[in-house]
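Below are two complexes that have subunit A in common, paired first with subunit B and then with subunit C.
Coming up: the complex of A and B.
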């Protein structure tokens, strides 16, 4: 574990140099919000942000990704045979990712990289990515990472953790991948004991700023069908528009659709993010739909995150407490309230 | 890195129109690379994704038996975009198969027991796979009595008519074929709904396990018949359908509670289903 102090200019210069060996993704101010984009001439990093509107999950798991390609040209001896699309798995770094969004990768990994099947695209994108996290000095009012196993300076899953010390950054290499990245950045000086103490104080004070209390301790012991048949689902779902914003913004939502698209005689098999908020998600060919009603879909979203996932993996809830679904829900449905209802039912 | 989404290329070797409404066809596929057939080692009850470049994939139960070598067959109902396209394809055309996927009927548990098979309509496909496998000389002695109740709306809607007639002739399998109704004066089998015929023909649940596949309405009315006969929910086995994409428990759409129908199913016992949310 290396702790190094960089001046902010030095660090920015280091990031520019890093682009020679890594595809570097950074938060870029984009209107009123920040978005993770490739660091290049047009995209200047801006680390003065609470969190990006969309998490950087798309760096590992693109919203739309070509999986396979094929030709339908019968003159071709390989016509109609589906083949893997070539992929670029050269090293990438996400710089400035918040610890909650890193924790989200750890949650999603249990789905894409499980003992029975490894999703080749997710796994290889993930393995080629170095996560350089930026601790949160000022968590938002909707943040609750500390309630779901994380924290504003949580190091789990990070390769490097950045402490914003005001005039300087303290960078902590946490893994071989992280140390390798830091080794490519010149300058900086070793952090002294005072700097390390200041960093710990910063982390402790940030944790205290999270005031939400969301107990999840009883979810595991609840009987699935009791929660499923609980009387509160219609009421929770009453205002829901089924817009899908919650699942779209969620760094731990992983569901996808697979579709074929053809232009002329050339075709692709692609996968796109999908959402359990949409009726088409479960519509059978026969016309039957097990989740025909809005409240069933709302129930599915919360039951998946707060009960099914808990039972399946025995490793906490499928939520990293980033608070995006709370902040951006147009009708103020709040996962913290739903979690309280479920935990106390 | 191994890619579980990559289909094996296959050639359509034979197409059989099964039913009088021409809505059900059986497709026999041969692997373009012979070594893929070994990789596609399956057990009756499993399914696969039929994959058509430019159209997409559909999950379909495997209708052939592992005892049948050199090909794999699926019986497909014409319903949506992929199945409609498939119905218009020809022998010799190339497409893909991805699998085998899902779990299978509880073969270990069924050994030494009487096996009751109850099927309705076009859900008879993996049951055909099971019957062929069980009556194979290498396997028949593993099971006690095998009894089959299979019904369709009309005689013309029954699948695998030649094989049904052949099984009727055998003395190591009890066949009870039925139709909801028919005006065919030569119809020599039963007339009546599957649950009714099950009640008439099945007399005991002793040392027996029942596999039930059919439309929801048939399952709904067969279940109490079997329970009345004394089948505990652990010995009533069902196979479910669900909209699927990945088929390997990753894409997230076919769950019932914390179970994925594609990976943890499609075969569940009634006892398991009673513990799961009733959302299917």
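Coming up: the complex of A and C.
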């Protein structure tokens, strides 16, 4: 573990140099909010931000990704053969990612990379990515990472953790990947004991700023069918528009749909984000839809995150407490309130 | 607009007690600043959760579609015009609903407020007449509401409900001399290439979450064309052509029916101004047919009508 201090200018210069060996993704101010974009001439990083509107999950798991391609042209000797599309697995670094979004990758990893199943594309994108996290000095009022196993300076899953010390950044290499990235940045000086103490104080004071209390302790012991049949779902779902805002903004929502798109005789097989809020998500070929009603879809989202995932993986809830769905749900359905209802039912 | 909150509670209670309604649709105060949540009250003991302020910018008519109970509903100008459209289009029966009218002074644009405080986190917003106080961890600022109205409210000429069973205050003065189509005219002046570039940029951030479509009371098709799978009309990837197809077709389906309530823009998580599409169609309807949607129960929307004696040549 290396701890190094950089002046902010030095660090920015280092990031620019890093672009020679990494595709560097940084938070960029884009109108009213921040988005993770490739660091280039047009995209200037802005680390003075709370969090990006869309989670950086798309760096590893794009909204649309071409998996395979094929030709239907019978004249072609390879007609109808589905071949894997070329993919870019060159090294990438997501710099400035918040610890909650890193924790979210750990949650998603349990689904895409486990002993039963390995999603080749997610895994390869993830393994080629170095996560350079930026601790949250000022968590938002809607954040609850500390309630779901994380924290504003949580190091789990990070390759490098950045402490914003005001004038300087303290960078902590946490993994071999992280040390390799730091090794490519010139300058900086070793952090002394005082700087390390200041960094720990900063992290401790940030944790205290999280005020949301979202107990999840009783979810595991609940009987699934009791929660499933609980009387509150219709009420929670009334306002829901069944849009995809919560699921698309969520760093831990991983569901997808695979579609074939053909133009002329050339075809692509594409994987797209999907959303359990959409009726089409569960529509069967027969025309039957097991989640035909809005409340069933709303219930599915919360039951998946707060009960099915809990039971299946025995590793907390499928939520990293980033608060995006709380802030941006168009009709203010608040997962904190739903979690309280479920935990206390 | 806070003054209406108590009146809504009283009225809802009265309607329940007089057995006039089975349910009541309004807003309850949100869990985060500048957000309120649509609520269905089914129990007279729960009318106290009803609320109203200048952040009730969704369209409650959206929640009426094909309901079968007797419903009380809060409606300001634009919401009431959508209720009219819903009745004309047989989505709800007039006799089923008890409309509690609210003379509206406009909704506050929450994004404009965030810009005004330079994106510092807002912890509390208190409305006080024509001003509102915004509080954060280390700041407090007072703003004049008039300067922070949503785009559609700033140029609204139907603030008072056009249909109601009871109104909760004296009608407000309607705005005159406002031009809702200034921006549309600018786009009309562009050549086709510039228009294409403008609209491409406008929707470039779209993530196809369909919040705009789903917040709109006009979108009640059992299956939307983008959700059809046999056959599939529109690609589901983030390809810009498919995204543009969605936005164009959505807008055309609203032609002659849109009341410019602004719900679509308000709910967009990516801040897209999709009213630029629907407003052009509203302007065309006004220019070609002298038509504004939802003002009368006696006439169907223009694109929904055929008259053999139409004075336009193209129809003959």
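Convention: the second predicted complex is superposed on the first by the 345 of 345 C-alpha atoms of A that agree within 3 Å, B and C clash if a C-alpha of one lies under 4 Å from a C-alpha of the other, contacts with A are read in each partner's own complex, and residues count from 1 in each chain.
One rule holds in what follows: contacts are C-beta pairs under 8 Å (C-beta built on N, C-alpha and C of every residue); 3 or more make two chains touch, one makes a residue touch a chain.
Source: prediction; values computed, not measured.
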Look at where subunit B and subunit C land on subunit A after superposing the complexes, then choose clash or fit. fit
By the touch definition at the top of the document, which applies to A:259: first (subunit B), second (subunit C), both, or neither? both
One more residue to check, A:204. First (subunit B), second (subunit C), both or neither? neither
State whether A:44 touches subunit B only (first), subunit C only (second), both chains, or neither. neither
Of the two partner chains, subunit B (first) and subunit C (second), which one does A:68 touch, if any: first, second, both, or neither? first
I want to verify one number. Taking the Cα centroids, what angle sits at subunit A between subunit B and subunit C, in steps of 10 degrees? 90
Have a look at where A:140 lands relative to subunit B and subunit C in the superposition and call it first, second, both or neither. second
For A:283, select first, second, both or neither according to whether it touches subunit B, subunit C, the two together, or no partner. both
Give one of first, second, both or neither to describe whether A:1 is in contact with subunit B, with subunit C, with both, or with none. neither
Measuring by CA atoms in the overlay, how small does the subunit B-subunit C distance get, in Å? 6
Common interface positions of subunit A, toward subunit B and toward subunit C: 257, 259, 283
Under the stated contact criterion, what part of subunit B meets subunit A in this complex? 1-7, 9, 32, 51-58, 79-80, 83, 93-96, 216, 241-243, 245-246, 248-258, 263, 275-277, 279-280
Can you list the residues on subunit C that touch subunit A in the complex? 30-32, 35-40, 58, 62-63, 111, 114-115, 119, 121, 123, 137, 205, 207-211, 213-215, 223, 227, 229, 235-239, 266-267, 269-271
Flag every residue of subunit A that touches subunit B in the complex, lowest number first. 67-68, 70, 72, 79-82, 84, 111-112, 114, 116-120, 123-124, 224-225, 228, 254-260, 262, 267, 269, 271, 274, 276, 281-286, 288, 290-291, 296, 300, 303-304, 307-309, 311-312
Which positions of subunit A touch subunit C when the two form their complex? 30-33, 50, 53-54, 63-64, 138, 140-142, 235, 238-239, 241-245, 248-249, 257, 259, 261, 270, 272, 275, 278-280, 283, 326-328, 330-334, 336-337
